[in-house]
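In the two complexes below, chain A is the common chain; its partner is chain B in one and chain C in the other.
Here is the complex of A and B:
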């Protein structure tokens, strides 16, 4: 299980233990063991997932996305936010509730 | 008939006949040797049993390996040096780079290198890319490696290409990082010199701390992963007699595809630390014993200059159009430091790469010039039976000698002949030969291995 923090506002995501993933030659297969749903991540999606699971910080992820997509950092951050949102909605990531 | 590529090495009272361009490898006695010589010169009677061998030797040989010509495609591989920095303090390492403060390649330059390389491959309809990481220690700048692995995989997939990733590494990282390497890389060349006492003595941390346990743990992780593991052990005068022990240990602990035993390259640093290259005669005998042990475990044993699996024009990437990008965007033919080539009067710079460019800025004159470097045979190689696989060895570190074999030549010649005899299953012959110093000397010092130029009194 990996976690990461997104600033402005601070938000922590984590990958719940029932989510498993495996690397294939050109994709990452992510499986939700509770729902039995499988997600095949390819191209940039797979890259972001891999960097995320390596434990890179939010800021570092933005740098990776900016470099790989040749985007300004503002756009790279938007792209990252959307991707995290998508994975949260499909249950691959969960938000940690912040108190106080 | 031009038979300058048919070699014969005396092994006791018999001869090893080796003609790689004719696909001939044979072990013959003195009368057969004499008949073959006479037969090739169109003289004398040839026994029926000798005729098939003679006709194979008389047939048109393969053309000798030659330098590349024409435009630069496809390159042998894209080499990426994420940093010259390193997190270990190996006591013999002659890499005169700043240890922990080397510059790190920017992500933008790494992306540009991948793009320019894939553009070159696409232009020549290649479907397979090869990306090799060198250092320093490449994983000391792990973010560059993590970035390139994912970026190149995605970009290659877009154009229907696969990518083979290879890294040369010291093995000093966390289990998580190591598992990632095992999952993403196809080949890992891991520097591991031997059991704890050897590794800790030769390859300690920056402050001298023992790191054997970390590297050995990672060798186990890599053994269990999908990456092909090659263990590279640096052999010194002190460790050469322990090669069989090292082989037993590796076979028991890990699952590499191959073990590469390479002699220490001496440097001022290694001498200060008290490390010296092994005695070549001792190395050759112990190498064979180690190879027997590893072979029984299904593991290949390699000495890079004595690898007879292919004929080649050059020992290394130099001359094969490999494009090796340094952290500051220079594109070189060799991964060694520029100062090291310059010391030998060589210029191995191919060009440069500017961030954002869609192609390498290569000096085609330099490409052509560097391709010719391996074709300038060293005098001592001209008549040596190893010339088509050793190809003179490293263009930077194996120089000089004025026509006389040096220790690396002797080592290469003995290991080559031993390996060829082993391929013929002649293990008893090897045992007798290795046990007799006079016989080894006779074989190793033969100045001209060409069969037709020899004058053995038989």
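Here is the complex of A and C:
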């Protein structure tokens, strides 16, 4: 029997209620009502945010990024993970705490 | 400047009413009118804020059963009085106002307030005009623009006939942030701008000045239209600041359209302190504006005469922002990843 080693469990992200955003002419403007900071997302970052908020799955996002940036899927996935990490660090997304 | 709500009751039904959310919050839960004791505290607040004018709002302030007493209290303490009314004022409060000197009392009459939920009918118009004739130079006519077609000509005639204050206060109907009132969509602003520029010239010929309330934006006027307005002496400005509407339950609200979202407790603070708190609360939204182009607009960033554009009404701007109850599962990375996507699902 093979043993599957997963160093980390799956993570669920959510968008906290104090995060609101609007489409602007040349960016997506995301505001954090708690920290009172505004973030201007442009270019690919804005596209990923848009796809994310439209409810596309992880796998679909990777396909979109790979297609739009002409990247192999492995790099597209790494890019997506980095982006999510960045948004988590800036408070735009939060991780759901996993128990047990 | 701060507005004191003294009545949560109004007997009209204007389709654009931006106080509807404020009034509905208090139905059945609070006293509909301010008490004398609370009003005295509000006057204390104005004094410690070095504000010399009492601005009475509602609902309809003249429906307060002790309206005359409130006005007298304010006058005894040396305040001038400004009343925001729908104009269908009953005899007793009207007598109270007409006994005051025009130097001490101004009454801003909303000329398109109505019971019908549409436009004022003939009876309402006649009653309002009778009230305005009695108010004379105490009356300042106001008009809320909530549709791209409107007619201000009758106001010019009335100003002459009733010897009113020679100005018209113009408001753009703005949306309640979480509400459903009728308001002017920003796409309709340029059409309104064209009409106002033409009308300003007509008004100036009659010696009447146009005054702009909050929410106007620079780009609703062409350069030529703006020049026309300035030539006509109009008070053109791009305002959106915390007005400070003080509610019956002692909240300082940025303005009625933002009831429940941008407010703070009055407590023992003064108006500048409260205003600063509300500015801090809303600062994060100020980068944006009512249009998608606002955040990159030179009128907003650098300012153009007669002052930098604020990007329009904050409630209108904040309505552009949305929140998404997103939950997104990120699979565990496989060993040695870089990654192979676990499963590529079907694309919608």
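By our rule, the second predicted complex is superposed on the first by the 91 of 100 C-alpha atoms of A that agree within 3 Å, B and C clash if a C-alpha of one lies under 4 Å from a C-alpha of the other, contacts with A are read in each partner's own complex, and residues count from 1 in each chain.
We take it that a contact is a pair of C-beta atoms (placed from the backbone, for glycine too) under 8 Å apart; a residue touches a chain by one contact, two chains touch by 3 or more.
In this text the structure is predicted, and so the values were computed from the model without any measurement.
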item	value
Combined model on chain A where chain B meets chain C, clash or fit	fit
Chain B versus chain C as contact partner of A:25, first or second or both or neither	both
First (chain B), second (chain C), both or neither touched by A:43	first
Touched partner set for A:51, first chain B, second chain C, both or neither	first
Partner with the higher number of touched chain A residues, chain C or chain B	C
Touched partner set for A:63, first chain B, second chain C, both or neither	both
First, second, both or neither for A:73, with chain B first and chain C second	second
Three-chain overlay, closest Cα atoms of chain B and chain C, distance in Å	5
Shared chain A surface residues [contacts with chain B and with chain C]	23, 25-26, 55-56, 60, 63
Complex interface listing, chain B residues touching chain A	107-108, 110-111, 143, 146-147, 150-151, 153-154, 157-158, 162, 176-177, 180, 183-184
Chain A to chain C touching residues, read off their complex	5-15, 17, 19-27, 29, 31-33, 36-38, 40, 52-53, 55-60, 62-63, 73-75, 77-78, 81, 84, 93, 96
Chain B-touching residues of chain A, taken from the complex the two chains share	23, 25-26, 42-44, 46-47, 50-51, 54-56, 60, 63-64, 67-68, 70
Interface residues, chain C side, partner chain A - complex	280-281, 283-285, 287-288, 291-296, 320-335, 337-345, 347-348
